[in-house]
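Pasting the structures in now, so scroll down.
Two complexes, one shared chain (chain A), two partners (chain B, chain C).
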Partner chain A sequence: MSDQPVDYHPMWAELGLDLPTHDALLGAVGQLFGDAYLTQENRPEGMGYLNFVMSEVHGLRIKELDDYRKSGGKVFGTFCLYVPEEIIRAAAGWCVGLCAGAEFAYDQVEQIMPRNTCSLIKSFMGFKLAKVCPYIESADLVIGETTCDGKKKAYELLGDMHNVYVMELPQMKRDVDMAMWRDEIRALMAKVEEVTGNTITAESLKAAIKEVNDKRRALQRIAATRAADPAPISGKDALLATQVAFYDDVPRFTQMMNALADELEARVAAGEGVAPKGAKRVLVTGTPMALPNWKLHDIIEKAGAVVVGEEMCTGSRYYQDLVSEDAVTLDDMVDDIAEKYLDINCACFTPNQGRLEDVVRMAKELGVDGVIDYSLQFCGLYEMESNAVEKTVRDAGFPVLKITTDYSMEDVGQLSTRVEAFLEML
Partner chain B sequence: MSDQPVDYHPMWAELGLDLPTHDALLGAVGQLFGDAYLTQENRPEGMGYLNFVMSEVHGLRIKELDDYRKSGGKVFGTFCLYVPEEIIRAAAGWCVGLCAGAEFAYDQVEQIMPRNTCSLIKSFMGFKLAKVCPYIESADLVIGETTCDGKKKAYELLGDMHNVYVMELPQMKRDVDMAMWRDEIRALMAKVEEVTGNTITAESLKAAIKEVNDKRRALQRIAATRAADPAPISGKDALLATQVAFYDDVPRFTQMMNALADELEARVAAGEGVAPKGAKRVLVTGTPMALPNWKLHDIIEKAGAVVVGEEMCTGSRYYQDLVSEDAVTLDDMVDDIAEKYLDINCACFTPNQGRLEDVVRMAKELGVDGVIDYSLQFCGLYEMESNAVEKTVRDAGFPVLKITTDYSMEDVGQLSTRVEAFLEML
Partner chain C sequence: MRVLGLDIGSRSVDAVWVDDCRIVDWSVADSGFDPGSAAATFVERGAHDVIVSTGYGRHAARERFGGTAVTEITAYGVGAAALFPDARAVLDIGGQDTKVISLGAGGKVADFEMNDKCAAGTGKFLEVMARALGFSLEEMAAQALSAQSGVAISSMCTVFAESEVTGLVHRGEDRARIARGLHDSIAKRTLGSLKRIRATGPLVFAGGVAKNGAMVRFITEGFEGEVHVPEEAQIVGAYGAALSALRDA
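Here is the complex of A and B:
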């Protein structure tokens, strides 16, 4: 590669981005990343890869998607864990997350949806309306899901602007729900085959299951090292790894995360860490933190504590379970996929006892001093469930702090004060 | 009946109500009813029955439920149209709506659920926590449903305080959803049979279908007269009829509503109305208005207009469709019930094109001058769908006003100003 920086503006223009606004966005995200990430001390060497990914998040990666599409490949954009990447990859599709982690163009968003909508939904709609997300503009199909009222209705609005397909997620986990969900996965297969023009076979699905499991295994290795005291990696860096997992090339990402895990395991063996041994250890649980939402982790870690786990979709829910690799027939593989995905404990299910068990188990395994229950304001599901989370966590003997916030930076001072007071109490 | 008023306090005490708080509530509702209803001029004689029902809403009706339960009968409390009354009645259960239309004990509610929850949900929880709803205290089983994020999670909280069973509603209306919904109705049947100890037979279900259809037919007759100019009944009175339909004894209510319909039809034939011919005619669409939520109708009609239709769960969605009466076997009847109920066009479905068609059809059939789209604040579904409603209604040539409010009376002045400005523009 030459030293001359590549000018991606022609590619962004071809995708239809609003170039001046997009330049401003990249500048802001770069600044945010610098402040939150590059100020950290004693980071693992392996984070160099994620720094590079971030520096090229709208550049090189989009170029790869662009090249793939020009060679006949198809790209699928998703917003949610419940869309099985295995199915997409088995038809030679590429799966990418969509931009949703920053306040953008809310003035335009509030013309078509209520102000009282959670930041994640307002954000994805803002990125679309302002034409600043190269991922959604690269997506041949956006695959939505009926996980919450807000997203369910937002996909209807998005459907006026983009090619959208919506999967229906059941709301309980009984046998009848599993049966319905298996059908839903099969319907998605048919849709993905139609869009890609490729047939999913037992061979291709088996390979895709292995490949995505390998990605999860690499993230599991990283997660496991965080049980050590001192923690070998900051919560911010570990969060970034999960966030990037939604966007990056799968085999490359897996390889780089295994290299990072090697380094973290060596650090643990040597008793090395990012924060001093004995630093307060925090588990964060709640609504997903989409890239570049690093706000809470940044506050916690700048206050001297270390986040050692995330019980969230950008955390353990993403990687804790694998799809069985035992199946031989296509049908059995699809059933295994359905089962793994329905096992995810999102607050959209009723009841959702599994999540409460996960939080307590993680708090114990990771040896945390306290739990922070994080809700995006107007996320009715997680806000409503936090009553049970707090009660369960307290009953298990862990102090808990409930934080409700959004993507704005206006409450950072106030949140810092609350977090510091909580940490002092631990 | 003697002239001596009955003292229901012993009955309320037996139900576990908080007597002083409940007395205060009844006083407030009585005052509200007086101000909104008894100040109306030229009301149909038939409204005398509904005045009486309201005066005894926590009295005589609760006594009836109490007597029924003491004779071995079972009472089922519901919050939503999707719970089929036919199934409950076919097992000799009685079905009642639950209190949810007034601000009550929000201080207690906000200790267990977010402040940003819609009034309807906060209200039902407030009535339960403050022990002032004799309907829920009379319910052997509360039957909830997964219609929205808020209710879905609120039933988990309610489950800690009451006997609750939750039906899973699909989120789309495809064949697979209908299949799932049929199973769900059958699961409800089994539950209702278990609670009542009675078996549902083809005979009992056929009779229940006929009985509930008759109730809907009576309400359809009333609704049809509202197409006349002048309208023979105020919107407030028609709304009250639908609200009471959730609570009252079915055959008695049907008989009284048919008598009211007779009177209204005679009024129409004679050209008599409640407002002058030519008064502005308004269709209201949106979130349900649970008893005693009369706020918007009162504002509209005190401004000199008349509400001639409600496209809402406390309106046309309640009575516009009937269950087919053709089926002979129990299985076919259950399928007919599933079909009728899945036809209801709630914003919880995606897509929900049927609702848009209903609104426009009603606006035309009722000859309205304008449409008011009513959302409860924090009701993500209806707030989100209002973008499509407004666009569709405007495209069909009707002016539309969007109102977002809650159960407080603080914004009545501001809403009145907005409604008056809208009516002047028509």
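Here is the complex of A and C:
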């Protein structure tokens, strides 16, 4: 951290960003972060690292990617949990999540895709069209996946503007699907080896598995402390940790998150919390919340409750399962990776009973008062599955509130009323 | 202790003064462009010890006048149960939102549903449609009651329904049948919401739209169970807000 502010404009210009528009975006995100995060009281000190990461989210981290690429390294952009980071890292590639969490340049997006497309897809396309996402512009290859019809087709459109590779994800979890998925992982390995020029070996893959598992273990430690009452960390801060996990340097992030977990464990032991003991506890389940989508958490926590868990891709689905570290041969390791990733319970699978079980288990383990089921509008998969979630959670004895929304702020007043009424009801 | 309950809604600001659970006075003013000032005239009477605000202006009112705030959902639940101790559900159709609430023991909210971010099927919707038909609100309700059957209205979106109504008028469709169709469609949508939250009677129909005789009749006919309409349907939220202070005390 230097005292002199660094001017990143030359770097952004070199990446081809639209500088005035990008400046406006950074200003808006900075203000959003200030309003949602810096107004919180009694935050853990370890959040200082994530504040710093956020202040440099398009700066220092992009500089690191830039330096890495100039030294011959390759960067891979992804949108989804199903793309195995271990494979990329085993070929000395770096994996970064791409911008998809804010409403941007929808006027341009709607010229090439329908208005009734979910916010996540419209957002990543908007960032690309408006040239304001330095991550995608730093990506030598974008790895997409066939998790929904909207994304599938959006990658075709993105393919006109960027180097894109698409993995096919099965829609069921039978043996034939697993066999197909193993082949897909091997096809990805070949692609990553081709782009990086490096060969994936048993040794490099073993190290990558360990490294990414360690990141997940650190996040698991943080998640476990949230079962305490009072909760030692706000839902917003915990969500931010998971969001940043997609972007940050893996060993550094793991180290900082373990330090945060140490602090949180000490807080729990001392009975310290971010909200008073007895504050209403909420589990949020549903569609992913890509950075900087903090809308729902902000509404819930400003109403005096605390979010203690996220059953979502920017939550437990990201870190709850580890890849087995027992395998010796490269082949076995790849099969272990395939197995771990197919275990993720996304609504793109049928049936998806595992997700329902996860939600109920988490609600019990975290001692929540209620569950909020969150769907992005026009996400057919999660909106459809919402009915089963509501029924299962209710049958397990927890009140449920269903929210369907998007990235716009026009419904914040209505949502606040619904969330506050839900909390008053608990 | 004398409590002032303020319900700051999109169309009106309602005030109820309560002493020992009894209404001692009440008043209703138009929200206009400055609902805060409308509320201030009630506060300035000084006839209260504490204030509880509800409605979409509740947080602004709490900041300006002090006291506490509760959501409309809780306020309507408490208010309806106080007026009708046997109430098991509440329907409130207000100026720009619709709420359905099922009640457990003691008027406690068991479940609720609220429209998202548009004014579909609310008081605002009726106002726009009355204008499109060239009726006052009262005339439109009377016309709806006079028609034997309604024209099917397919859109619940205020903007689309207005175009639909304009189209029907231009085709020479009977305005009374259009009015009937509009009321029918709101009733159908509302009854669907009540069903989703498994509401059972007796149902308290509150909010400004409960003053509309046609809506009351169609809801009553369609709902399986008794329907109560409070004499002053508009002030149930303000009354409930005031009572919530006494309940929590």
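Here is the rule we go by: the second predicted complex is superposed on the first by the 424 of 426 C-alpha atoms of A that agree within 3 Å, B and C clash if a C-alpha of one lies under 4 Å from a C-alpha of the other, contacts with A are read in each partner's own complex, and residues count from 1 in each chain.
By our rule, a residue touches a chain if its C-beta (ideal position, glycine included) is under 8 Å from a C-beta of that chain, and two chains touch if they have at least 3 such contacts.
No experiment lies behind these values; they were computed from the predicted model shown.
**Student:** Clash or fit: what happens to chain B and chain C when chain A is overlaid?
**Tutor:** Result for chain B and chain C: fit.
**Student:** Go through the superposed model and pick first if A:418 touches only chain B, second if only chain C, both, or neither.
**Tutor:** second
**Student:** For chain A, which side has the bigger count of touched residues, chain B or chain C?
**Tutor:** Of chain B and chain C, the partner in contact with more residues of chain A is B.
**Student:** Using the touch definition from the top, say if A:182 reaches chain B (first), chain C (second), both or neither.
**Tutor:** neither
**Student:** Identify the partner contact of A:43: answer first if only chain B is touched, second if only chain C is, both if each is, neither if none is.
**Tutor:** So A:43 meets neither chain B nor chain C here.
**Student:** Touch test for A:404: chain B only (first), chain C only (second), both, or neither?
**Tutor:** both
**Student:** What is the value, to the nearest 10 degrees, of the angle subtended at the Cα centroid of chain A by the Cα centroids of chain B and chain C?
**Tutor:** Spelled out: centre of chain A as vertex, angle of 70 degrees.
**Student:** State whether A:383 touches chain B only (first), chain C only (second), both chains, or neither.
**Tutor:** So A:383 only meets chain B here.
**Student:** Which holds for A:206: it touches chain B only (first), chain C only (second), both, or neither?
**Tutor:** Neither partner.
**Student:** Can A:150 be said to touch chain B (first), chain C (second), both, or neither?
**Tutor:** After superposing on A, A:150 lies in contact with chain B but is clear of chain C.
**Student:** Name the contact category of A:114: first (chain B only), second (chain C only), both, or neither.
**Tutor:** first
**Student:** Between chain B and chain C, what is the tightest CA to CA spacing in Å in the combined model?
**Tutor:** 7
**Student:** Let me check the overlay on chain A: which residues of chain A are in contact with chain B and also with chain C?
**Tutor:** Residues common to the chain A contacts of chain C and of chain B are 404, listed in rising order.
**Student:** Quick one: which bits of chain A touch chain C in the complex? Just the residue numbers, please.
**Tutor:** 399, 404, 410-411, 413-414, 417-418, 420-421, 424-425
**Student:** Where on chain B does chain A make contact in their complex?
**Tutor:** 112-114, 116-117, 146, 148-150, 152-157, 166, 168-172, 176-177, 180, 183-184, 347-348, 350-352, 375, 377-378, 380-381, 383-385, 387-388, 404
**Student:** Along chain C, where are the residues that touch chain A in the complex?
**Tutor:** Interface residues on chain C, with respect to chain A: 56, 70-74, 97, 108-112, 114-117.
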